[in-house]
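In the two complexes below, chain A is the common chain; its partner is chain B in one and chain C in the other.
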Partner chain A sequence: MRRSRGRRLAVSIGKPLAVFVPVFLLGTFFTFLLGHLSGRSPAYIQLGDAATPEAVAAVEHEWGLDRPFGVQYVDWLGDIFRFDLGESWFNGHSVAEVLLDRAVITLSAAGVALVIGVVAGFALGALAARFHATWVDRAVTGFTTTISVLPPFVVGIALVAVFAVSLDLLPAAGYVPIEAGLGPWLSHLILPAIALSFDTVADVARQLRDGLVSTKRENYVTGALVRGLGPRRIFFVHVLRNGVGPALAVLGLKFPALLGGAVVTEAIFGLSGYGVFATQAAIRGDVPAVQGVLVVSVVLVVLFNLVVNVVLNRLAPAAARGV
Partner chain B sequence: MTQAPVVTPAAETVAETHPEDVLVLEDVRIHDDLSDTELVHGVSLRLRRGQVVGIVGESGSGKSLTCRAVLGILPELIEVSGGSITLLGRDAATLTRRDWTALRGAAIGAVFQDPASYLNPSITVGKQLQEVLRVRGGLSRKDAHRRAVELFDSVHLRDPEQVYRQYVHELSGGMLQRVLIAIAISLDPDILIADEATTALDATVQAEILDLLAELTERLGLALVLVSHDLAVVAQLCDEVLVLRDGHVVEQGPTARILHDPQEAYTRLLVAEHEQYGLERYLGTTADAVLPTEELNRV
Partner chain C sequence: MIKVLLRLPSARIAIGVLLVIAVITLFGPVLAPYDPLQGSDLTLAPPSAQHWLGTDYTGRDVLSRILAGAPLSIVSTLEVAGIALVLGTIPGILSVYLGSIFEWVSLRLIDTLVALPFLVFAVAMTALLGNGITQAMIAVGLLVAPLFYRVARAATLTVAQSQYVEAAVLAGASTGWIVRRHVWAKVLPPIAITLATTLGLGLVVISSLTFLGIGVQPPTPTWGGILASDLDYLPQKAYAPVFPAVIILVTVLAFNMLADAIRDAAGQSGRVLVGARAAKANRARRVAA
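Entry: the complex of A and B
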């Protein structure tokens, strides 16, 4: 019966961790299996299509590809734990090093998009819930429905046309590292981030609105009212806390979409992030590079959902009883 | 029964503004704007400190709506369309939202059926009491915690420190109702409304909660409005009873008279049903149905 705060926290972190390990192992296994099944070989990238079978065998031996599948997999997995994702078949660079530089750009864009998604989504959702069943509610619903069906490449091109070309307010393409200053960094990221964020804004707003509207009808809100608590306190402490669950869960689901959407937005805005890197690597048949991108994605997505879970369990302890 | 209201001869003549009256309802009518029907057709009652008034009636008779009108929490599109509600000498119709917030908790508190649903599932019950003491009572975090544990103790919760740290899903219905009562009385209100507060509880717990309400009424000088569909519950505690049916007041008067000498057919039916289906008949003690309840009250 007696449960300490520490144990509650341990459970809320331990449970998601128990999910993380199998998901990570399965994800990386299938990633490796797919690379193996693709039948690609570094020999053709280095020697061209006219390579003799002896030369191919020599190159494959050099890369260790003539070993049994299991040995290769365990070897590769062991390297991952040392943050070594192997070398690119294309130019021999360390995949981990190249990816790290690229991931910073992608994560910057996705991070800014996430912030926009949370801020705008929460503001719109809360607004619609506050003025539930009025024209404000309907206007917000109309707006979110519209932006949710606009694909990022259309929005991206439109944003460039308006803000970069017509108004000349923001740069159309490129990336400046944050070391060069927050202003320039943000000015290069804001347009791709907005293009990426529309879907997240729409979904977070809709989930939050529904969550808040149904929570407002709960008896414990009446209870808080009868106790003489003010409207602002009731909203933040009693309504928001219990109504925010679905919106947070959606945020967890949207994160992979933000990373995936990077492929398109990076191409439009000329950002050399890992979306572009992944496409190029896939076209070249550079298996270690593609595998590296997938491993990093799996880790990022699972970690993000882990954080969302911990936050959810902290907000609503009763929810942690399920599962 | 609980202490009799103190009536001075002078006060009788100026009944309208008697200082002892904490709650006065004059011909209160409640109207549903959506279906354009009147739901409550004129309820009047007068409540003084330390007095207990019971409202009896079946579901849909307007008991809860009347309570909600008194608390200023009527559902959307339902409003008081006639008569007046006077809370501690203030006309409820003139109160702003801010006035209501100030009155609730400090002047009037309430407990309801299904106590679990009236507490926030994500915050420990202690924190919810502490919140009221801190925000409304102006206590520091530490003092509010100490006072909360005291209040839990005063409603006879065993191991109040432990209860303080528990969530709604970890406590039983009877304990939760005690928690709700502790929260409702935390700011020393003048009026407490118990709307079917014992209905969802099993019989022994129900008796314990009624005892607690009686004790608090006496100790704190609360004016209690006890709403129930159960005549036995009302008989145990109330000085005066008001019988509601379909929004009409069928009968109103001192409890003993209503139970022993009901004038209206509907009240007679309620009393008869109780005699027919109650435990007293089974035990063969139908002679005086009020006797055992009086004994209960003294415990």
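Entry: the complex of A and C
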């Protein structure tokens, strides 16, 4: 028993690793290749466009950019494993340090959005499945279809216009660290988080509804009914535990969208997270800073998906047995 | 299939809306009543007989800016979908036929593209590669291509494993002939659905990029750019973003409706739909006679 559980955990980590190690390697390679293809150089940022070729060559030598592509790549990849993302071409600051401060803001917004997505998505999905094929089901489905087509920037602007400008209930822009208190922190994050969460709410609700409705028809649920178990126990132990799989899997797929959506929502709500940092650095041509953002986002996506996979494997006993 | 499609009311509405958008795209800059770049003293004016949708913060006519911004927004959306179609569909079909090494490599590439945070990469690629609308379209097209790859591959797999293809192979048919004769017919409807969905998605992404000022230079009018300038003047004119937002939403919605309608019209459900309508018409005729 003990051993089989250990093996199941090993499989639940090992199998996604086989998928995500190539994702990590290819993703970081794309990132490096992108910087190389851009043809940007720290020389022009530091010296301006009128720099002499000798001065450019000297600066590029200083940054190690005159070495062969392969050598630069291996060197860069090795640094990543030591949590060293290089220095900004723009002001020489350590990219890793700057990003750490920024990522806290982005991850706070994405985290609150994830909580909203899970709570609202599960509530709506369970409601639609409980009242399957009634007007409640149709109303929930209509609502989720509507919010899933609304782009985050439209939702974000609408939220600012209504709750911050017209009603003056919440702050329109800025960020307050959590040390200043939970209330102010949440009041600055709740609007961007809602704008980010719409897509996740819709997809989680849809997948959970379908999962629960199809699980209810399974033999083991009929069996539990025949054995006279209570409806609450059947719902939580038999139906929810086995029907939650697709909804959790979709969370893993939505996480990149939550991180990517940060680029737009941070611009709307004036949060100086990593999305705004990425946009500014990309426009300036600060290649190490952009590469740092991209690497951090790839790592976050890979880690989040590994966690989702482990949870999925622990939760769904019948699915794993193939009943 | 197109005949079946036109019998669906939702398809007719979607196509009607898209025709209007097409007219705006083709003739928008000509139809614009004012110069979209010319400011005036009348700043942030509400809608009136002279300015149907009001004016923006430098007194430019909002209707003219929306009309003049249509070609850039819509044409780049079409090109994004076109690039994604070519980059996704062809490897998707070939992944079934070109052996396991190509299959494994292409699947890993697609896994990676899906896992990347889409907008961050689109912004980074566009800005680093020269910050033009062409770069933006290539970047977004590449990042959307996995949608087509997966759909084309799934459809091709069902054909490749079917008995009539096996029979054709046994009869000595070449791979090229099988792809042309059998695979296209099965792959085309799901590709058409994905294309319609991608057009909606592409418009949202292009609007997001232009909203951030990526890929275009001000004062070039774009739908996303109009939204961005309205955002700065919300306290003075809170309803201003409604106009550009509505035209983006209506267009996206029309593309999504078209995708759903193609799904209904294609394949088995389409035949059932036509059959049910014919049966109803026959019944009505018999009752009348």
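Definition applied: the second predicted complex is superposed on the first by the 312 of 323 C-alpha atoms of A that agree within 3 Å, B and C clash if a C-alpha of one lies under 4 Å from a C-alpha of the other, contacts with A are read in each partner's own complex, and residues count from 1 in each chain.
Just so we're on the same page, a residue touches a chain if its C-beta (ideal position, glycine included) is under 8 Å from a C-beta of that chain, and two chains touch if they have at least 3 such contacts.
Since the model is a prediction, treat every value here as computed from it, not as a measurement.
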{"item": "Combined model on chain A where chain B meets chain C, clash or fit", "value": "fit"}
{"item": "Which of chain B and chain C A:L315 touches, first, second, both or neither", "value": "first"}
{"item": "Computed vertex angle (chain A) for partners chain B and chain C, CA, steps of 10°", "value": "90"}
{"item": "Partner chain in contact with A:V71 - chain B first, chain C second, else both or neither", "value": "neither"}
{"item": "Partner chain in contact with A:A55 - chain B first, chain C second, else both or neither", "value": "neither"}
{"item": "Touched partner set for A:A224, first chain B, second chain C, both or neither", "value": "first"}
{"item": "Touch count on chain A, higher of chain B and chain C", "value": "C"}
{"item": "Partner chain in contact with A:V264 - chain B first, chain C second, else both or neither", "value": "second"}
{"item": "First (chain B), second (chain C), both or neither touched by A:F153", "value": "second"}
{"item": "Contacts of A:L37 with chain B and chain C, given as first, second, both or neither", "value": "second"}
{"item": "First (chain B), second (chain C), both or neither touched by A:A282", "value": "second"}
{"item": "Least C-alpha distance (whole Å) that remains between chain C and chain B when both complexes are overlaid", "value": "20"}
{"item": "Residues of chain A touching chain C in the complex", "value": "19-20, 22-23, 26-27, 30, 34-35, 37-38, 40, 149-154, 157-158, 160-161, 165-166, 172, 253, 256-257, 259-264, 267-268, 275, 278-279, 282-283, 285, 287, 290, 293-294, 297-298, 301-302, 305"}
{"item": "Sites on chain C touched by chain A in the complex", "value": "108-109, 111-112, 114-121, 123-129, 131, 200, 204, 207-208, 211-214, 224, 227, 230-231, 234-235, 238-239, 241, 245, 248-249, 252-253, 256"}
{"item": "Footprint of chain B on chain A - complex, ascending", "value": "1-2, 218-220, 222-231, 233, 237-238, 241-242, 315-318, 321"}
{"item": "Parts of chain B lying in touch with chain A, wherever the complex brings them together", "value": "71, 73, 97, 101-106, 109-110, 112, 114, 117-123, 131-132, 135-136, 162, 167-170, 180, 183-184, 187"}
